[in-house]
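Next up: some structures, all given as structure tokens.
You will see two complexes here that share subunit A, one where it goes with subunit B and one where it goes with subunit C.
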Partner chain A sequence: MKANNSSFWKKNSTRSVIASLLSIAIGLLAGSVVILIMGLTNPALGLGSALEGIRLVLFGIFSTGRNAAGALTFGFNPASIGNMLFRAMPLILTGLSVATANKTGMFNIGAAGQYLAGTCATLFIALSIPSTSVPPWIIWLLAFLGGMLAGALWGAIPGLLQALLNINVVIACIMTNWIAANIVTWLFDISNLKNMVENTKSGYIYKTTFNNVATPKFGLDKLFPGSQISGGILIAIVLAIAVHIIMTKTTFGYELKACGANRHAARYAGIRDKRNIVLSMAIAGALAGAGGSLYYLAGNTEFFWNTYQSLPAAGFNGIAVALLAVNNPIGVIFTGCFMSMLNIAGLQITNLTAYNEYITDVIIAVIVYLSAFSLIIKMWLGGREKKSAAPAPAAAQSPPVPENKAPGAADNGKEADA
Partner chain B sequence: MDNAPEYVIEMLHITKEFPGIKANDDITLQLRRGEIHALLGENGAGKSTLMSVLFGLYQPEAGVIKKDGKEVRINNPNDATALHIGMVHQHFKLIEVFTVLDNIILGAEDAKLGFLQKKQARKKVQELSDRYGLKVDVDAKVEDITVGMQQRVEILKMLYRDNEILIFDEPTAVLTPQEIEELMQIMKNLAAEGKSILFISHKLNEIMEVSDRVSVLRKGRYIGTVNTSETSKEELSRMMVGRDVQLVVDKTPAVPGEPVLEVEDLSVPSQLHKNDAVKHVSLTARAGEIVCIAGIDGNGQTEFVYALTGLEKPSGGTIRLCGKDITHESIRQRSLDGMSHIPEDRHKHGLVLDYTLEQNMVLQRYYEPRFQDHGFIKFDAVREYAEGLIEKYDVRSGQGPVTVARSMSGGNQQKAIIAREIDRDLPLIVAVQPTRGLDVGAIEFVHKQLVAQRDAGKAVLLISLELDEVMNLSDRILVMYEGEIVGEFDPKKVTVEELGLYMAGANRQKKEAAE
Partner chain C sequence: MAFLIRQTLVYAVPLMIVGLAGIFAERSGIINLALEGIMIFGAFVGVLFVRIGQQAGWFAAAYAAGNWISMQGFVLLTMAVAALMGAVFSLLLAFAAINLKADQTIGGTALNMLAPALVLFLIRIIANQNTLQMATGDSASWFMVKKTMLGYDKKAQLGFFASAFLDKVYFATYFCLLVFVILSVILYKTRFGMRMRSCGENPQAADSLGINVVKMRYAGVLISGALSGMGGFVYALTTANCSANGDVAGFGFLALAVMIFGNWKPLNVAGGALLFGLFKCIAASFSTLDINGDGVYALAQLGISAHFYRLLPYLITLLVLAFTSKSSRAPKAEGIPYDKSTR
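And now, the complex of A and B:
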């Protein structure tokens, strides 16, 4: 599992990375083309404006506004980068959630609901325990763990339905998403956590800082002044590494992946497949729940409780993040950052040009679309090799004759595919 | 050899390369009109590649194909069809919910103004069926007819398209002895009517019985063509494998010891219908003997094994392993109690195909302290163990322990499973069709391993559909028919024909006698 295979593993993973980069490149290209077309067809925009838009799409994260002459300026923009990392945090966690479930063969489309469950539990705990009598860091810890637990429970429901009643996890996830949206709305509606102090904030829940609870910043705010960044991003990265280690180094990960790759064989080997399905969905839920939890524990964000008509986008963007990372937990850190970088670029476009931020949604859409194809792109990259590989590994059958090290022939391709 | 027109199809000096490997290396195959020509070779010898070339699925790097002495190019399967080349695949290509007639005309249906002209088709099928003795019920749905009849439907499909060259790819794998007998007769009839038959097989008995000539391939190379009447099974297997092969395993009489497995009155519900698939089965397997359950596929063997190994819950009865009641134990517990299981379906149960070979090698014992420490896998120990097994059991693969199981040949996948299960050194080995799809060399290997395990004092419960294997290997034979044990035999005192009658349900011993 190490040493010798590194060359093979490398090849395979390089192909994954190239496929993902290709998806991103094509996505950016498509976005640029859309900007160009809009610019050229709209007299109010024109070519110059379109080129500015394209530059912002590509380098928006480094935008520092406009200079006195009205030209775009670029440079290190700590606020943008800090905001990017802040917004990447929930995406990394929902991406991890989807990726973890995927390894076990479950498509977790319920990250949105789990994210909401985590958010709800966290806010209730963080705002209900008076910080006057309990130290805030204990409240923070309880709120964070409570959020993860709520997410885990919410994720375990579709897992249980799948394992025990064979109800498709996708359908159960979609249903639990909306159940979560409605329950959360109702719980906040009857709660006393609605922001009554600031009258511009009707419909919002108090920030956790109202109760002096917030994730420590670990000095990141000094590194990226003027941004929303909190220590949550570090926790997300630690969780990603933890998931990576569990998946690759432990017997538990071995069992989970075996269930995902071949449930029958896992069962045959005495692995409790149903338990593992539920567990993997619970872990996925906990990760998504942590995403919601950390986002609101940052202290500078507030939850709009009237959510029953919509689900948090972070849940679904997690799918894109996981797809683009080919379910690799470490890859998720980078694809999560990339997605939020596009988000920031979108804001810059809105601020600095006549375009609006929806252009980046187009780009994200194209990338998601292509990342779904990334497997095909991967196959295409290794196309010739793959085709020939099918018959080649059919190492000569059994006869223990010493002289024949020569591989057999194509007969086995059929065998192996069956 | 002789002058050209004698041959209906000639494949001359065919070479087909895949990167790194010559699947076919200068192979020549000449098929005479009206002969049954067997193509013999182990898995991976290049039989399928050669047939794929003939069918236009692959283009050879070198060599020519001649039909009736004229050179032809076959670029795709449609070209092959146009040249009247037809094939009966090992796994039938039939639509289960269609009738026999609809299946036969599918793809070659006559239509007028978009309406099917079934009347003529029916007449033609009837004629063909009478002429070649292919009895089928043209209006029955394929899902309702026997496997043997399904095969006749496949043959009729070829005949309906006026094919002259008929390729049979391992046609007997799914048939009962009686059905094989019928098929042999049908093939002889077809040849007598002037059809030319290519018969792909690695079963020497059948080749000896039915073919006129045999061409042998080994590792992509052409070894030779011999007249069947002038050769022997021993010679053929030597040509095929490249060394002498023991067709019959040497074994001393069994010395059964204590009972290891005791099954009493076991019933297992069926997934397909309301009745039990296994009905009140009782049997005992003792240390140091190979007990074989023979029977035609689908008579409850699979369900019996599932219940035995814990994959399914029985509806009644008890199972005792080494004296301990394991009827309600988990799969893992049974395994810990001493049961190893070579599963029937190596792709479904036996392997995680996307895992590497070494990961598969520890599939049954990754949790042992030897391979893990506080939940962390000891990769070095796994590697070392896998390398040991690969060496000991001669499992061949492209990249050794890190080969992805999916990319290995079927025979080596099976060897990996057998290595894994045998090496656990447990008192009971449940081996379900352990040689399915393997060639003589590999079969010899598996049989030797099982006998060695028996001699080491293990109880081996063998479930097999291959009568040769049953006769060869077992110390005691139980025949299962429709979920019941209908007879118990001593392999030395029973003939294949007699077993066939029990397997087909024509005979049964009295209940007392079966115990």
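And now, the complex of A and C:
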């Protein structure tokens, strides 16, 4: 029994999960401390409001508002949970995107641009084909596939630049992000898809439901009444499982991971490393594009088209989702839900207290910061284990510090799978 | 034409100084992807400092008396505070990258996410909106140097040089140029600078000669943080009317690209920054740009969309990188945590 127990604790995946949970705990703690400091130093806020803020940070998903006496109430809130799943969908997909690229040693900071490319293609297809002459489900399919294709093309650009011209993929991704933001703004500016019907919606594109195109809800709206939930979350989960199968069960997935582990060794073994880098970035782009596509195909959200000065947050939060899940596609489903839960908690904080939703972005940033040295945390966990359990060769357990320039996160991913 | 030069400098100088920030970090061996985040933080700290100073009435008498020289002192003081806080913020990166041997790209990304989140969280509480502005007045009336202050008559027709460099300019711009020159010389001509560069090329060899790699890398990252914090405030002062909104429009990333394009050398970075400053300037003001002074807005008459000019700086960056990447030579040890045992 004891032997079983200790091997469970020694397993690398267990340690990854513990390291992630630790990161989450420290992140939440940091957010609470920031709120506490603001509450105590600002006479208009005070300790009481700070404590309310902290309770909402931790349990915002269960918040049901304030009762007649003005105290916070908590309970099962189907609308919040439905909205959480709805917002988790793009995060899961951008997280998958970053995780897939990471496995090939590419740090995909360009998910935001790929997300925009997918959004743009999807909206153009979904709104331009008249649903009076073509069945809506065909338009839906075309729009979804078009979004993925656009994302894939946009992701392939930094991949090509890295593989053929040796331009650092991080810089290439950052530049393509801003180019995408400008091109998308440009395309929508000269299009006729700007919402002219509803005066209050100026600056927005029509919802896809104007053309009767929307993702089916598969009865989820009955389960979570009053929320924005759409069937897209199921598609996101299916895609996550598909990526997991490709990465662990196919030769192609193995080749991708081999390139990430050691590009030169992979080439020596006869794997075409340049092709794999481009393909991995294209797949990453397709996944991020699918995120943008499904988010707007849900049909209940408008796209703010004049976006040349800002990039969608889903792209950067995808990095946090992937890192927290140590690049495990199945883990991404859960960390995506966690991030969107924070997001909902942030909205509750803005609505119910004097604080605002940016505190949850602080928490996410702290979690990303911690995952930069998750290796250290894991080694530390391993070291403690060594003392309490039977003497195990620590050197074999603790992975060495990455020596190549490829982002070290790539190493984490493979261990999680092993 | 004078206007074009003046405006180009306004955009180019923050790029230049933040590009130099990148050089200092990477030459010591640490990839500083957090330039953007530190700029955002520096801009916020600077604007907050100006706001607090105005509310406390520190320079109210000088402002009322029209004493523009002491107003420049206010700007310099604020730049120093922004630089200090930028350095403090960059400690987060230095600690993770040097002491904990963390992944520097992810660490930098974390700071890039942390800075706007923290800044917007605080701004929303302080100002009840998403933008933090000066308490009174605007940056032009408080901090801009105009020709009348330098003894010219209000109606005097200035020569080309004077109208490009002496009228409606910010002293902060020239101060940054001075800092740029001094630090470039330090990096290349002093013992400290050479030792720092050796840590970015071959830290093992440097260590064997008695150079403290950890200290040198800390110095590189802290100088980098100070410069980007200062650059962030100068950006906010000169292009955003001394306001902070948790965004510097990708300037930090552009500076990073300028640094790579400039091959990690200060003089080339200065040239690259001027080039990108020019494109940024054209994007911002092409519709009213009179290049040769004949009263014709030549670029506006071409009829090219404003969106095209806006995406031009990023597109050019990629193209230039595509042509120069073959000959680019990054510091050999950048991004690799220093481990004594791998000597």
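Going forward, the second predicted complex is superposed on the first by the 372 of 418 C-alpha atoms of A that agree within 3 Å, B and C clash if a C-alpha of one lies under 4 Å from a C-alpha of the other, contacts with A are read in each partner's own complex, and residues count from 1 in each chain.
Here is the rule we go by: a residue touches a chain if its C-beta (ideal position, glycine included) is under 8 Å from a C-beta of that chain, and two chains touch if they have at least 3 such contacts.
Every value quoted in this text rests on a predicted model; they were computed, and no experiment measured them.
In the superposition on chain A, A:S371 makes contact with subunit C only, while subunit B stays out of contact range. By the touch criterion defined above, A:L223 lies against neither subunit B nor subunit C after alignment on the C-alpha atoms of chain A.
By the touch criterion defined above, A:K249 lies against subunit B but remains apart from subunit C after alignment on the C-alpha atoms of chain A. In the superposition on chain A, A:L347 makes contact with neither subunit B nor subunit C.
By the touch criterion defined above, A:N182 reaches subunit C but does not reach subunit B.
Look at A:I129: by the touch rule set out above, it reaches neither subunit B nor subunit C.
Comparing which residues of subunit A touch subunit B with which touch subunit C, the overlap comprises 401, 407-409. Put simply, subunit C touches subunit A in their complex at residues 33, 92, 96, 100-107, 109-114, 116-118, 120-122, 124-125, 247, 249-250, 253, 256-257, 260, 305, 307-308, 310-311, 314-315, 317-318, 321-322, 325-326, 335-337, 339, 342. Those residues of subunit A lying in contact with subunit B across their complex are 1-5, 8, 249-252, 254, 257-258, 261-262, 264-272, 385, 388-401, 404, 406-416, 418. Chain contact summary for the complex, subunit B toward subunit A: residues 16, 18-24, 42-49, 52, 58, 219-220, 241-243, 309, 311, 330-335, 341, 343, 347-356, 358-359, 363-364, 366-367, 371-372, 375-377, 379, 382-383, 394, 396-403, 406-413, 415, 437-439, 441-442, 444-445. On the subunit A side of its complex with subunit C, the touching residues are 34, 38, 42, 45, 107, 109, 161, 165-168, 170-172, 174-176, 178-179, 182-183, 185-186, 189-190, 308-310, 316, 319-320, 323, 354-356, 358-359, 361-362, 364-366, 368-369, 371-373, 375-376, 401-403, 405, 407-409.
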